[in-house]
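First comes the structure, then the notes that go with it.
Going by the order they are written in, the chains are A, B, C and D; count residues from 1 in each one.
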Amino acid sequence: MPVRARDLGLAWGKRPTGPRNAITDVPGVLVGHRTLRKGDSIRTGVTAILPHGDNLFHGKVPAAVHVLNGFGKSIGLVQVEELGELETPILLTNTFSVAACAETLIRRAFTEEPRIGRETSTVNPVVMECNDGFLNDIQALAVTPADAAAAIGAAGEEFASGAVGAGTGMSCYGLKGGIGTASRRLKFDGTRFHLGALVLANFGRAGELRLPDGRQVPASASEDTPERGSVIVVIATDVPLESRQLRRVATRAGAGIAWTGSSWGHGSGDIFLAFSTAQRLPHDPSAHILPRQSLAEARLDRLFEAAAEATAEAVIDAMAAAETTTGFQGHRRQGLREII
Amino acid sequence: MPVRARDLGLAWGKRPTGPRNAITDVPGVLVGHRTLRKGDSIRTGVTAILPHGDNLFHGKVPAAVHVLNGFGKSIGLVQVEELGELETPILLTNTFSVAACAETLIRRAFTEEPRIGRETSTVNPVVMECNDGFLNDIQALAVTPADAAAAIGAAGEEFASGAVGAGTGMSCYGLKGGIGTASRRLKFDGTRFHLGALVLANFGRAGELRLPDGRQVPASASEDTPERGSVIVVIATDVPLESRQLRRVATRAGAGIAWTGSSWGHGSGDIFLAFSTAQRLPHDPSAHILPRQSLAEARLDRLFEAAAEATAEAVIDAMAAAETTTGFQGHRRQGLREII
Amino acid sequence: MPVRARDLGLAWGKRPTGPRNAITDVPGVLVGHRTLRKGDSIRTGVTAILPHGDNLFHGKVPAAVHVLNGFGKSIGLVQVEELGELETPILLTNTFSVAACAETLIRRAFTEEPRIGRETSTVNPVVMECNDGFLNDIQALAVTPADAAAAIGAAGEEFASGAVGAGTGMSCYGLKGGIGTASRRLKFDGTRFHLGALVLANFGRAGELRLPDGRQVPASASEDTPERGSVIVVIATDVPLESRQLRRVATRAGAGIAWTGSSWGHGSGDIFLAFSTAQRLPHDPSAHILPRQSLAEARLDRLFEAAAEATAEAVIDAMAAAETTTGFQGHRRQGLREII
Amino acid sequence: MPVRARDLGLAWGKRPTGPRNAITDVPGVLVGHRTLRKGDSIRTGVTAILPHGDNLFHGKVPAAVHVLNGFGKSIGLVQVEELGELETPILLTNTFSVAACAETLIRRAFTEEPRIGRETSTVNPVVMECNDGFLNDIQALAVTPADAAAAIGAAGEEFASGAVGAGTGMSCYGLKGGIGTASRRLKFDGTRFHLGALVLANFGRAGELRLPDGRQVPASASEDTPERGSVIVVIATDVPLESRQLRRVATRAGAGIAWTGSSWGHGSGDIFLAFSTAQRLPHDPSAHILPRQSLAEARLDRLFEAAAEATAEAVIDAMAAAETTTGFQGHRRQGLREII
C-alpha cells in the first residue's frame, strides 16, 4: 500500500474526500500502470486512465482540455478541443513514447470498431507526457506498444501511486515525483457526486514546494537547473457537464498547481484534461437531436474548488508515495518523506 | 420593400430558404433599426437583434462567438465565450457608438431585473460595430442611448435591409454596403428548423466582389484604399445546440464571406456570433442539474452549409437593397444595382 | 502615504523589488486615480495606467491579454489579442462605467490624431472593470467621461493604493479590496530591468485568504455570498518582449492570484493584460520591415516568477492599504489591518 | 513533369508567382516525398517540408498554427502555439502513421543534438495528417519510420505534385486529390520576397468544387458520403514575421479553401501552419536580448491575399496533377483532367 498524502497529515482544503480519495471514486473510472525498471538506466512506464470499461469508441464521454503552458508533445488534444469528447483511454508516458502509446490506442480501437477510417471516421488517440530524462534514459525509447497495452490491461479501481507507471522516473520540486491522486465529494439536487484528479507530477524547482500547512520545503541540494519537467492533470467527474464547462473545471487544476508553490515554468508542459462520465455519446446515434443534462452554471464553483483541492493534494500524494530513486547516469531524486 | 438578392437572381447555394429568407424565419427572433440621416454628414444608426421578445436576463440563450479577425471594438464577447450564453439583445452600430449602445442595454436590464449588480450578478451587454467613417462623420458620436433604445423598440419580424440602421453609412467592396439577411430551412428527426443570418456588411476592396454566378464585379473607380471596414455576422437557429457547437457554426460565416471574394483584410473586424433559440437558460434555475438537448455532432454539416450559404447571400442581399449614398465630405458609394 | 504590504511584513517571494515597489518602477509608466465618494452610496472611481506620457496612438506598445475567467465586461481586448498592441491608456473602473471611460479614450485619441476613423484606422479603447455593487450604488452609473479624463490627468509616478480610484468600492476575500501594486527587479545581459504589477482586487471568498507567511485569514463574519467580484491585473515591463511572450507573462498573474488562496471563482472576471515599454510601434511606420528586439524565450522564467510574485504581493498591498469602508445600503467591508 | 494548375488555365488571383510557382520559391525551403504503392491496397506515403537544410534544432524558425476545424490527429501543434517556433521538419502522412513519422523526427533530432531530453530540453516533432482510407488500406499502418526518413532524405527544391508522397491516396471534392503547391511574389522596401503554399488536399464533397473561372464541377457519380477528409496547408515565407503575424497569415488559408467551394465540413481536420525563414532562433542564444525584424502590421494585407491565392491555387494544382487512382477494395477516384 502506498503512503498517501493524508498519512503524512498533508490534506488540502476542507471538502470531504471520496471513499478511496482517488480518481476511481468516480464510478466506472479505471486506472492501470505498466512500470519499466531495467538495469541502471530505464525508469519509465505508462499509466492508463479509462473513463469506463466498455467500448469507448461507441460510448464516448464529454471532455475538454486546458493548456496552461504548451511546452509539451501530447497527441489528441486538438480534436478533444473541437469535438468536446474522448473516444479512447488516456495514456500518460514519457515524452518520446507518445508514438508507441498512440499506436496501441489506434490498434485497440480497430477491435472496438472495424469500420474505423473506412466506412466511418478515424479515431483520436489521446496521449500526454512528461520528460523523465533525469532519471530515465529517455533516448532509449524503452516503452513499446505492448507496454501501453499492458497498462490498459491492468486498469482497475485500485491502483498504486508514487514512482509507478508513467511516474516511475518523474521528478517534482527537485524531489521524486510520480503519480498521485485525490478526490472530493459533492452533492447536487440531493444526489452524491464525485470529482477526482490524477496527476503526473514532474514539475517545479527545488525550494519552491509549499505544503498545505504553509511550510516551504527547502532545496535539498544545489538543484539549480531550469525546469524541464511538465505536469499532466486528468480530472474525472460524474456530474453532468458539457465540454465548455469541463474546460472551465480543467482550468482550475492550474490553481492547485500554483498552491503547491509553482509559478508555471517556461519549460514545463502543463496540460489538464477533464471528462464527465455522466453521459455517453454514441458514435452512431439513433436520432438527430439527443437529450443531455448539464449542471447549472453558477453551481460550478463547487467543482472549481474541488478541482483545485484535488489537484494540489494529488501533487503532494505523488510525492508522499514516491520512494527515493536512482537511475540514468546515477542521477538520484530523494523521496519527500526523507526530508520532512 | 427593399430589393432582395434573389430579386436580382443572386441566390447562393441550393438549400431551400425560409418563408421570409430572413433571420426572423427563426421563430421568436426580432430585428429593429434606428436610422440616422442628418444634414450632409450623419449617415449612421443602430440595428437590434432580439433572440426573443421576452425577458432576456431571465431567459438567456446559448451563444458563441468566432473572431475571424479581431480588428474590432465590440463589447461583451469575452463573457459570451466563457459562459456560452447571451442575456441582452445584440446591438450593431458604428465603431465609436458602442458605449452609447452598451449603456442602453445595461439600463434596460435593470428594468428586467432590479437586483442586477447588487443581489445578483451584473449583466453583459453585447454590442458589435463597423467603421462607417467614409460616409458618416464618425467623430460626431451621433448615436445616443435613446437611439439604441429606439432600435430595440422597433424590433419586429419584418425589417428592412440595405442602407438602414447600423448599415446606413457602411461600404462593401467599394460599393454601398449595409444590412442584409438570408435563411435556410433544415429538417432533423422529421421536424422543420431554420438557420438565419444577418450581416452588417462593411468590408472588402473594390474589384474583389464575386457574385454567386461566378461573375467578378470590377472596381467602379480608383478605389485603392486599404480595407478599414469590418463585417459582423449574427446567426440564429432553432436547432438545439450547445455553445461549443454554436461556435463551430459561427465559424462557417467566414466561408460565406470568402465566397464573396474576400481574403479577410488586416484592417477589418470580422466577428461572428451564433445563438440558438431552442432552449432558454434561467438566471435562477430551480434545480442544479438541468435537462438540455443538442444536435448529434455529425449532423452539424448541414448547419455549416446553411451558415455559409446564408452569410454569403446576406452580403449580396445588403448590397442589392442599398441605394447609392452620399455623405460626409461629399463621399459617395454606388449601389450594386447601378453597375450590374 | 498608504500602508504597504511590506510595512506589515507581508512580502511575497525572494526577488528584489524596484525602488518604489510599484508598477511605476518601469520607466515611463504613469498611474492616476479619480475617486468618487458621494453621500452614503457612491464609492467608486477610475484608475488610469499609461504605458508612457507621450502620444500613444503614434507610439503604441506591444501588449497581450490572458482571460483566466471571462465573467467580465471589458472593452478592447479582442483587438489587443489580434494586433498585439495597445494604443490608449488602460482605464479601470466599475462594471457599468466601461462605456463612460471608453468614450473618454476615444475623444482623447481624436486630439492625438484627427484622422482617426476617417483617413486612418479607428482607435481601440481598453477599459477593464470589476463589480463594486456591494459598497457602491452601481446602478447609479456615477462615473462620467469627465471623471475618466480626470484619472488620466492625474497620472504620475507616485500614486496611492488601497480604496482609491477604481478600487474605492471594491472587496477582496470578504474584506476591503482596492488598488495594490508591487514590482520586481531583473537583470539581462548586465542591464537592469523591471516588471511591475497593478491589481484591482475585488475577488475571493471570505475565509480563503492566505498570507505569504502561510497564515490563513478566517472569515470575519457570515460571509457566505457567492463570488461576484473580479480581479484585473496589469503588468508592465521594460524588457523587450513580443506579444506572444507578453501573453505568457500575463498568464502567470493567475499563479499569483492562486497563491493568495483563490480557486478562481465562477462569477469573477479574472483578466490580465501585460505590456512592454521597450519599443514603440509607430502608427505610420517609415519602412515596411522594422527592427525589433525580444528576450530569448528560455529567459522568460525569471519574468514568470516576477509576475507571479508581484501579482500576489499587489493583492496583499491593496488590502494592506485599504481602510474599512461603509457604503451603499450601509454595507461595510473591514480593512485587513483590523483583523491581523 | 506533373501537370500544373496553370497548364490547365486555372490560375487564382492576380499577384505574380515565383519562378517555380511552388513553396520552394522561398529560398532554402525543401520538399521531399516517399510514395507507397503496394499491391491493390496500399496507396499512401509521406511528404517532408524542411524550412532549411541545416540543423533545425539549433536553427529554429518562427512559426504559427491555425486550426480551422480540429477533427484531426496531428502531433506538435500545442508547442508551436506556445513557443511560436518550429524545430523539426514538417511531415505529412495518413492519419494512423503520425506515430511512425514522429519517431523518425525524434531520432533524427538526437543526431542534431545528443543532449536532447537530458542536458537540454526535449524536441517537438510536427506531423500532420489526412485520412486516405478510401483508396488506401489505412488500418495496415503501412508507413514505417524508414519511410519517413526517406521522405526527408529526398527533399529538394524540385518536387512532384499530385498523387505522390502523403497525397498518394488522398481524395478531394470526390475526385483524386493529393499534393499541390503555388507561390506568390511580393516586394517590401524595394526587396523581393516570396510566399509559398503546399497543400495536402483531401477534403470537399463531390459537386462543391468551384474553379477560379467560376465554373462549378458537377459530381461525377453518386458521391454522397459525408466528408471524412481533411486539408493541411503549409505556408512558407521569407518575409520577417513574428509568430502572431504568422498565425494571421496561416488563417487566410481558410479563405483559399473556401474559394474552391468548401464550407469546411465537420469531419475534416483543416489545419494550417505558417513559418518564416527570415530569421533563425538559436537553441542556445549567446545573449539574453536578441535583435529581430518584423513586417509593419498594416503591410500584412499583401501576405493575406498571397496566402489565400496560393492556397486556392495549390488545391487546384493538386487535382490538376493527380492521375485517376484505383486502390483499396477497388475504390477509384478520377483525376480532374478526365472531367473538365
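Side notes on the structure shown:
Definition applied: a contact is a pair of C-beta atoms (placed from the backbone, for glycine too) under 8 Å apart; a residue touches a chain by one contact, two chains touch by 3 or more.
Predicted, not measured: the structure shown is a model, and the values here were computed from it.
On residue numbers, the A-D interface is repeated by B-C, which shares over half of its contact pairs, out of the options A-B, A-C or B-C. Here B-D and B-C are compared, and the pair linked by more C-beta contacts is B-C. If you average the CA atoms of chain C and of chain D, the two centres end up 42 Å from each other. Mean C-alpha positions place chain B and chain D at a centre distance of 34 Å. The centroid of the Cα atoms in chain B and the matching centroid in chain C are 33 Å apart. Residue positions 69, 82-83, 248, 267, 297 of chain A are each in touch with at least two other chains.
Those residues of chain A lying in contact with chain C across their complex are 68-69, 210, 213-216, 226-227, 248, 251-252, 254-256, 258-259, 262-267, 297-298, 300-301, 304-305, 307-309. Residues 67, 69-79, 81-83, 95-96, 98-100, 102-103, 106-107, 110, 116-118, 120-122, 124-125, 131, 133-134, 138-139, 141, 228, 267, 269, 271 of chain C are the ones that touch chain B when the two sit in their complex. The residues of chain D lying in touch with chain C in their complex are 82-85, 188-189, 239-240, 242-244, 248, 281, 285, 287-297, 299.
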